[in-house]
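Order as written gives the chain letters A, B, C and D; numbering starts at 1 within each chain.
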Amino acid sequence: MIFPDVQSTAVKSFKLTRVGIKGLRKPVTIRRPGREVVLYPEIDLFVDLPSHLKGSHMSRNAEILCEIVDSSIRNPYTGLEHLCADISKMLLERHEYATVAEIDMTADYFLERASPSGNKSLEIFKLIAGAVARRDDATTRTIGVEVTGMTACPCAMETTRILLSNEHAGKDFSNFPTISHNQRNISSLIIEFEGECDIEADDLIDIVEGSLSSPSHEVLKREDEGLVVMRAHKNPKFVEDVVRDILSEVLRGYPGLPDDTIVTVRSESEESIHKHNAFAERVTSMGELRKT
Amino acid sequence: MIFPDVQSTAVKSFKLTRVGIKGLRKPVTIRRPGREVVLYPEIDLFVDLPSHLKGSHMSRNAEILCEIVDSSIRNPYTGLEHLCADISKMLLERHEYATVAEIDMTADYFLERASPSGNKSLEIFKLIAGAVARRDDATTRTIGVEVTGMTACPCAMETTRILLSNEHAGKDFSNFPTISHNQRNISSLIIEFEGECDIEADDLIDIVEGSLSSPSHEVLKREDEGLVVMRAHKNPKFVEDVVRDILSEVLRGYPGLPDDTIVTVRSESEESIHKHNAFAERVTSMGELRKT
Amino acid sequence: MIFPDVQSTAVKSFKLTRVGIKGLRKPVTIRRPGREVVLYPEIDLFVDLPSHLKGSHMSRNAEILCEIVDSSIRNPYTGLEHLCADISKMLLERHEYATVAEIDMTADYFLERASPSGNKSLEIFKLIAGAVARRDDATTRTIGVEVTGMTACPCAMETTRILLSNEHAGKDFSNFPTISHNQRNISSLIIEFEGECDIEADDLIDIVEGSLSSPSHEVLKREDEGLVVMRAHKNPKFVEDVVRDILSEVLRGYPGLPDDTIVTVRSESEESIHKHNAFAERVTSMGELRKT
Amino acid sequence: MIFPDVQSTAVKSFKLTRVGIKGLRKPVTIRRPGREVVLYPEIDLFVDLPSHLKGSHMSRNAEILCEIVDSSIRNPYTGLEHLCADISKMLLERHEYATVAEIDMTADYFLERASPSGNKSLEIFKLIAGAVARRDDATTRTIGVEVTGMTACPCAMETTRILLSNEHAGKDFSNFPTISHNQRNISSLIIEFEGECDIEADDLIDIVEGSLSSPSHEVLKREDEGLVVMRAHKNPKFVEDVVRDILSEVLRGYPGLPDDTIVTVRSESEESIHKHNAFAERVTSMGELRKT
C-alpha cells in the first residue's frame, strides 16, 4: 500500500519558526567523571518549516533520537550537551527543508554531598542541556544546572537585631547572626557556547550551590541541623546576591570562554514570609561580564 | 434522527464505585458575610454504576451543574458545601441507576488581612467543599480550607542557642529567640458532617492561620518584615504542633458538632534545610477527639 | 526605631536584568464589553538593578500593585494590558534606579459558547497580559490568549482511508471523513505593541478557537457530541495548520497594527497516539508577516 | 555539646495518624527479569505519633531509607514493594513509640514495546509501590502501575455512523469503524496484599495497556500511525470499559490472591471534545470481585 505524504503537500503559506515534539522521555547513559549514570531526560526537538510545505515530518525527530541514543550505549557521551549537538546536526540532515534544528533536555541528577559534620547523602539536582544547529553556521551547545538550597534574608536580620535590642535594653546583639526569614531557593546557571569548550556540569553545580546561603541536605541529625542554620545565617543572601556571586565565579572560573558565550543566571526564593517568590536574573555574555 | 444510547446497553460485568467527570471549571457566586464573591472552582462529580449497565450518562453531570449554578445566580448559596449538597441530590435523581453521588470542589479565595503594623492586603486561601448523597441515607457535606503561612522550627532554635553560646563564651542566649530554619507551610482543615451544621469557612481559615508560627503577607515594609520574623520565632512550631493546635481549636470552637463528624487536619512544611517536606496529619472524628 | 536600608547598600558588582516578585495572586476587576468581570491573575513584576546597589526594594512592587488595583475598583480598566501599562510606569517612578520595568499576568477567563445544536455553556480560556516600561522609550503592551480545543490529524485520516479501502475491497471511502487520531490542543496568540492600539482579547479568542479543528464544550448531549466529532474530522489540522490559520486571521483582522508589532503564535497537541506532544510556533512581526 | 531532644518533650495532646517526610527523591536499583534497572522514585515515609510526645524524629526516616537502599546495592530487591516492606519494618523498630509505619513510592519506568509493524521503542510507565507495617499485625505491601495510552469513544462512533449515513443517503456505514473522539488516557491498577504473593509489575502493565483502546507509541511512521488509529477505533472503550476489563484480567490472572487483597483500578480520559476529563474507578477486594 502507498500512503500519501500529507506533510509534503505544497502550500503557499507562512514559514514556521519551530515545529516538533515536546515532552518526550527517554533513558540516556552519560559518562561522568569516574562512572556512568543513567538519566531519564525530558526532551523537546524542533526544526523550522518553510512556507511552501504543509507539515514537518515529526516522526523523524523521535527516530533520530532513538538511533543516536541507541548507538551511544556502547560508547556513551561525556555530557548531555554533546549528545544534543549530534542530534541537532542529524535533525538538519534528515529534515532537508529545515535551516535550523533545536533540541532541549532537562534531567534529574544525583551527586554525593556531605553535611557539616560529614554525613554523606545523595542530593538531587537538575541538568539542563541543548543544542541549536544552523545549516550555514556553527552549532551552539547549552549546558546548565538547577540547584535547590537555602537563602536567609540579610535585611530582615538587621531589622530583628534592632527589634531585639529594643526589647532587651542593655543587651548587645551586634556580633552574631540574629533571626531572619529563610526558605527554599531554586537557582540556575545556563551557558550557551559555540564549538567545543569543555564545561563540566558538576562544576556548575558546585558554583551555584556555593553561592546560596547554604546547601540543603537529605539527612540532618540534631547538631548538623543547627550547623546548617548557622551557616545560612552567617551567610545571608538576597536573590540578587546569589545571582551576582554565581556570575563572579563564572567570570573567575572560565577565563577561556569566548566573549560571545551567553550566560543566564536565575535565583528564586520561595519566601517564607510571603505567598509569592522573590526573583533575580541576569542574561548576559562573557564579553559583557568582562567589561564590568 | 435517533441515536443509540450506548451507555444503557445491558452488560453483565462489575459494578463501579465512581464514574464521572474531573477538572471541570465553572464560575459560582457565593454569599459570604456582608458580600457576594465570585469563585472559579475546579469541580469533580461522580456517581456509582451498577454491574448491568455499560456506561454512565456523564453529560448529565455537567448539565445538572449548569442548571443549579445558573438558578443560584439570583439567590446565591451561603457556602459551596450547600451548593454541593443540592447538586449531589440532583445527581442521584437524574442517574436513576446510581446509589451514591459525590461532588468535590476547590476554589481560590481572598480575604483581607493586616500586617503587624496594620497594613492591609488581600491574602489568598483555598476553599474545599463537597457532598456525598446516598439513596437511602443522609447526605454528608464537606467544608474545608487550605492556608499558606510560615513555620519556624523549635528544635533547631534550641540547637543554635547552644552553638551560639559555645561560640560566644560568657554571653547569655537564654531569653530571646535564636536563629532557626523557617519556611513556607501549607496546612488544611476539612470537616465532613451530616445535616445542616453551620460552619463558616472564614472561621476555619482563622483557626488554621492562627495555628501557624505566623501568617504570611503580600506587602511587608521593613519594620513589618522584622515583626513577622519575630512573631514566627517567638512561636516556633513543628508540623505536629500545627496539626494539634488546629485540633484543639476545633474541639473548643465547635461543641455542637455531632460525634460522628469527620475531622481531617494536615500540615506540610516546605523545609528550607531539606529538598523534601515535613508532614503531619490526623484523621479522626469529633467523638474520638472528645475522648482525648 | 530606624532600620537600615540594606538594599541601598553601595556595592561594586554586576547589574541585574530582572529583579522582582513572581507568582503573586490578586483580584482585579476589568470592564469587558457590556459587563464587569472579576479576574484572579497570577502576576510577576520586575525592574532592573544597577551594578552599584545591593538590592531592589521588592516590597514596592506589591505596594504599587495594591495601590493601582485598589484605585481602579471604581473605574475599572477595559483590559489587563492597560492596567499592566500603568503599573509598569509606576514601577519606573518608584524604583528611581531602574531603567526598565516589566509586569506579566495570566488569568482564567470565562466566555459563553454554544454547542453545534445551540446549547449554551461557559467555557474557560486564559488571558495573557503584560507591559514593559523603559525610562527613555515607549511603553510596550502585551495582550494574548490561550485556548483549549481539539485537533484531528489530516495525515492519519488519509492513511486509514487506504487501510479501510484495502480491508473492504470494492467499497468507496473517498468522499467522507474517515477515522483519525484527535486530541486536546492548547493554542495561544500573543501580540506585543507600542502605544494605544485597541485589541480585544475576546476577538483573539475567536481567532484561535476558530483555527482549531473544533472548539471543545462543557456539555454535549448525544447528537451534539457527534456533530463536534464531525466538525473536527471535516476540518483536520496539524499544529502547523493551526498556527498558520491564526497568523492569517491576524494579518486579515488587524491591518492597522504597526510593522514592529510582535506576534507570537503557538499550538500544542496532546497527541492521543503518543505520550509526547506535537508543537508548532511562529515568532514574527506584523511587518514580516505582511511581506509573506 | 549536648543538644536538647525537643521532639521527645512530654506533652499531653492529641495523637497523630501520620507524621513524616514527603517528596524525597533517591536512586534505587531493582532487579527486574533479566536485568537491573535504576529508578529515581519519589518517596513518602510516615509513622504515627502518640499523644504524649511533642514530635516525631523525622531524620530517622531519611536515615533508614539511606541505610537500606545502600545495603541493597550489592543485592538488589526484585521489586520496589519488597524494599518498601523492609523499610516500613525498620521504621517501626527505630520509632519505638509508633504503632504503624507507612512508605509510598512512585517511579518512572521504561519498557520496550513494538508498534503494529514491529518498530521497537522504549515507552514510559509509572511504578507505584508501598508498605504499611503494624506493630502487632502483618505488613501489607502495595504494588501498582500507571499506564498512558489511548481511548476512542464507542458512543460517538455510533452517533457519527448515523450522521454520516444521513449525509450520504444510500451509502452503507454499518460494517467498519466510523469517526469518533479519541484521546490520551491514564489508567492505573494498584494491588495491596498481606504476605509474600509474587506479582510482577511488568504483568500489571501488560494488563492495563491491553485494556485500553490502544497503547500509544514513541515512534510511528505513516502506516504504523494508521494501524494504531485502526486498532483504537476497532476497539472503542469508555473509561468504564477500561476499568472493567482490567478487573476481569486481574480476576482471571491471579486466582491465588487471597480474598482480602485490595484492588484499586482507575481510568481517566483527557477528553478531546471537553476541557474536563472522564473518570471511572473501582475500589474493591478480590473476595468481592469473585462474588460477581
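By our rule, contacts are C-beta pairs under 8 Å (C-beta built on N, C-alpha and C of every residue); 3 or more make two chains touch, one makes a residue touch a chain.
Everything quoted here is computed from the prediction, not taken from an experiment.
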item: Interface with more contacting C-beta pairs, comparing C-D to A-D; value: C-D
item: Farthest chain relative to subunit C (centres taken as mean CA coordinates); value: D
item: Rounded Å distance, subunit A centre to subunit D centre (Cα mean); value: 30
item: Computed distance of Cα centres, subunit C from subunit A, in Å; value: 26
item: Between subunit C and subunit D, centroid-to-centroid distance (C-alpha), Å; value: 35
item: Residues of subunit B whose C-beta touches two or more other chains; value: 1, 3, 24-25, 62, 124, 155, 159, 162-163, 218, 220, 222-223, 225-226, 274-276
item: Chain contact graph, described as a line, ring, star, complete graph or other shape; value: complete
item: Subunit B residues within the subunit D interface of the complex; value: 1-4, 6-7, 13-25, 44, 46, 49, 51, 54-56, 58, 62, 154-155, 158-159, 162-163, 166, 238-241, 243-244, 247-248, 268, 274-284, 289, 292
item: Sites on subunit B touched by subunit A in the complex; value: 123-124, 148, 150, 153, 155-156, 159-160, 162-164, 167-168, 171, 175-184, 214, 216-218, 220, 222-223, 225-230, 232-233, 270-276
item: Residues of subunit B defined as touching subunit C within the complex; value: 1, 3, 5, 24-27, 38, 40, 59, 62-63, 66, 108, 110, 121-122, 124, 218-223, 225-226
